[in-house]
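Take a look at the structures below.
Both of the next two complexes hold subunit A, though its partner changes from subunit B to subunit C.
So, the complex of A and B:
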């Protein structure tokens, strides 16, 4: 419970502090929020308190604590990177809302990951989703942002409905909503398979797997960039965590069903995500589609159904957080200081802003899975898990897709390093907070891969199928 | 500190050093110093290796060092060398050294250029010292990716297209390779013991034949793409033609050898049964490479394209020999890798130097260059003669050994392919002599050429290093083939144990 309590406390402190600040003092809320959250992140790494609360609705294990820590690190980087943007004049009167909303949705994700029954799971999911829609519509005076908020809330309402229907079928056929009971009572009766499919569709929507991905690009494009990075990294990571936990812990009887399902969905997701990403010119849409493709890779780890599989998923999400936030951080820094968001604007960036370009290049290589950066290790371990279950052809398709994705990641590198233009983005200096965020993600990209202890640590916490 | 780890450490330190340099002069000085140390180190390694062997140390791999990296997946950082890898490391040391001096005048973004170039070299060195399949793969990819920037930024002609084509095709190759390596890993302990990535340990067991049949094509084609296996060679002419001089040298000279070395060390060594079953398919493909590459070179007018196609032909010969799977042919394959690496690096260096003066690479626009730049002209003739297999130079030794080994197969299928492949020697002579005739002899076609100067000191240093190495192999091939032969024994034994019964198709 420690994670949840301290995060809720931070949100409340911010709320009260905000009430006491005069309008001219509002920006002070930012350092308060960042410092409090950094402390919260560090506290999260203390030895985990394990146990069960609320009669089994809430459970905490070292593994779940680790998942929350992974999310924390990502959120911390996002907070740092959003400094320039949040300091803008237009956001002055709603600064604290940004933090409070973000912390509430994170609380929802904590509860979702920690849930011990489907009710708590659903509560957490909704707590995570609704503030997220508010965040998407944060700059609501811009039509696109408002549109993104509405699109998100409508489509997640639909997916929640489908998910709930699945849950009701699960309850109807087993008479329980507790994970442990359901796990024992589940067999592969047709209705239970159907219930599982409904549940899976709801989750697929959250992780934006094909064919449930259609909301992604518009919402990502419309939302403020830092919210977009939150969606693509934190929200997706949390949903992958709970999906892998539930698949392994609750639906292990259906392993032959979901392995086939994951096979098909992951191939579809990788191929469609890649093909759409190829043609994007807007960096936000580009990263949106590339993150769809990345979700397809995550499924490769899940499909193994072993301790190795779960490790590779968590490890990959950690690596993906650093790499994607590196990319988003650069895009966000450039958008905040110049307003430019198209790939064509990045021409010749290396000659004016070499450090940003280098970080962007590292992130792109990491996303594509090129050594020696962390992405290579992340992808390699995902592929190893899939191969350990004998899915060699799936691995082959996945690596081919990684090659296709390399094409569009290299297009960004090409724009920055090779293309010439008379009007490159002028040299600019980001503020210290943003730089700290960028440096953190850069460090993560460089270090996490080589530092084998990270992987081993996660491995020792992870579990396989029952 | 293990001597082999230095081969990775020194380039990395050189890169770090370059980061702190201020201008081109400092940059190239740091690079030259770093790579000279590397060259000296390669020499020391050869010496140490020979003394160890003379002292009677018959271990399969020498100077081994092992450190556990990812315990749960049993990934190690394992290094060690035998005669073959020592030879390849020496080759790499020479070519990189020559490459640095061939790009002495690189002014545009020189820091970035040398860092990428040396990073590439790091990957190559790391690949040759690795005994662990994971680190081998890691270094393989590290060697491939800087090519994109090197060709894309500093290249010429349709450089962006060529850079992208090359990178994607090679990465596609590593897609195949990854499946192959993962498969090998998961079948590395058939009795249910600890799985391993270690090359030597895997070679002690037999991977089940059904898996071999599935994995061999993945692994062999995966490496083969880098070795310009027909029909996956198309990245090579475009890539080499667009790349800047030093990159062409390094890529054709060394990087393509990763393909041949890997196909030999991993694919054939670990999966000999499947290799024997499927060799005929790849033998046909490589024979096509050999002949088609040679004929392709005849039609080209651009000097770099000529050399790129001849690389396809010569590298095809390496894979051709590897697939013949007997001691002599293996021996020839390794010598051919070394010899072609030196020759082609020399060619590309010369082409770069000529292009830097005449600003054209079209042979029909040039003529009589021997009169204005005698040094470069003479070296070009030497390289050409080595390439067409003149006795006394390295090409002759290599090709002779290969065809000798290939002819040891007595069945019709192998005989026909061997005879087909030998025709490439004649074709090679045609395109080499034609270029020499048009380019160096004959009248000077352009008055502008009359005022060109001959090679500068750094260019002489670069080319003379390579010429000496070529001549050394040509005149005294025995020390090299002795070094290789000892190390071939375990590989040949494994293949013999697999039962060499090539069922003839005819």
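So, the complex of A and C:
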């Protein structure tokens, strides 16, 4: 409960501080938010108290605490990276809303991950989703941002509706909404399988799995870039965490149903995500489709249904946070200072901005899964856990897809290092906060890969699950 | 409970409402109508919860609580959605989905 309490406290402090500041003093809210959130992140790593609250609706374990810490680290990096963008003149009058909305969605995700029954799960899901639409429509005078907001709120409302219909059938067939009761009463009855399918389609919308991915690219392109990075790592990570927890804990009786389902959906997601990523010229859309493909890889870890699968999913999300935020950080720094967003604009970036190009290269290598960096180990553990459950063909298809993805990730690297142009992006220097965010994600890509204890630590935490 | 309406009737109505909502969401071009379709879906869920609770599990109130919370959340969702739709109207001078198509792949 400590995570939730301190985050709600931070959001309230920001709200009150914002009321007391004069319009000219508004920028002071940024250091306050960043410092408070850093303290919150560090506090999260203290040993957590485990237990159950509200008659089983809320539960906290060391593993769930670890999931929240992973999300915290990602949000901290995003806050640092959004400094240049949030300081723009057009955002001045609504600066603190950005932080408050972001912290409310994060609170929702905490409750969602910690939920012990479907009611708390649904509340957390909606608390995470509704402010997110407001974030997507944040720059309200831009048509694209408004369009992204309406596309997000309508498609996510539809998906919650489908999910809820599944939940109502689950309640009708078992008579309980508590995870522990439902897990015991669940069987292979047709109505229960149907209820599970409704539930799964709702979740697939949130993680943007094919065929429920159509909203992703538009929302990612239209939203402000820092909000996009929040969608693609934090919101996707939280939804994957709760999906893997629910699949393993609640629907374990249906393991043969969801293993087949995950098999098909993961192949579809990887192939479609990769093929569409090949033809994108806009960096935001490119990263959107690459993140769809990455979601397909996450399913590979879930399909194993073992402790190893759980560990590999959490580890992969941690790695994915660092590598995707590295890429998004570079794109956002370039967009904030030059307004350029297309892949063609990156030609010759190395000659003018060598450090940024280096970080972008590291992130691309990590997303593609090239050995020395963290992304390789993330994919390696996912593949191992799927192979240990006997899914050799699936792993083969995934490796093929990783090779396809290498092509388009290297296209970016080629543009930066090899392509020649007369008008490269001029040399610029980001402010210190953005630089700190970029350095953090770069360090994460290197350290998490080389430091094997991280994986073992998560592995030991997920022991109690089975 | 002789003489009362059987549970199946409620379920048939709620399923019809659910799929009417899905159909409406997929075919309608007006953003407000799409929002109304979502409300249909959420209300079909409420009927399901309340009917299941009343007929099958009258000893506890989980279904009633769930439907109350769904109503509250639906209100919050509608508020945010309508605010964003007004914003769309200001930007595009229309709330027709065919006009709101700046991004396509």
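Please note the rule applied: the second predicted complex is superposed on the first by the 462 of 466 C-alpha atoms of A that agree within 3 Å, B and C clash if a C-alpha of one lies under 4 Å from a C-alpha of the other, contacts with A are read in each partner's own complex, and residues count from 1 in each chain.
The working rule: contacts are C-beta pairs under 8 Å (C-beta built on N, C-alpha and C of every residue); 3 or more make two chains touch, one makes a residue touch a chain.
Everything numeric in this text was worked out from a predicted model, so none of it was measured.
One of subunit B and subunit C touches more residues of subunit A, and that partner is C. Residue contacts after overlaying the shared chain place A:399 against subunit B, while subunit C stays out of touching range. According to the touch criterion, subunit A has no shared surface contacted by subunit B in one complex and subunit C in the other.
Across the interface of their complex, subunit B is touched by residues 308, 311, 365, 370-372, 376, 380-381, 383-384, 387-388, 392, 395-396, 399-400, 402-403, 406-407, 410, 413-414, 417-418, 452, 455-456, 459 of subunit A.
Against subunit A, in their complex, subunit C makes its touches with residues 18, 21-22, 25, 31, 34-35, 38, 41-42, 44-45, 48-49, 52-53, 56-57, 62-63, 65-66, 69-70, 73, 76-77, 80-81, 83-85, 87-88, 90-92, 100, 102-105. On subunit B, the positions that touch subunit A within their shared complex are 69-73, 75, 134, 138, 141-142, 145, 148-149, 152-153, 159-160, 164, 167-168, 171-172, 174-176, 178-179, 182-183, 185-186, 214, 218. Those residues of subunit A lying in contact with subunit C across their complex are 118-119, 122-123, 126, 130-131, 133-134, 137, 140-144, 146-150, 153-154, 157-158, 160-162, 164-165, 167-169, 171-172, 175-177, 217-218, 221-222, 276, 285.
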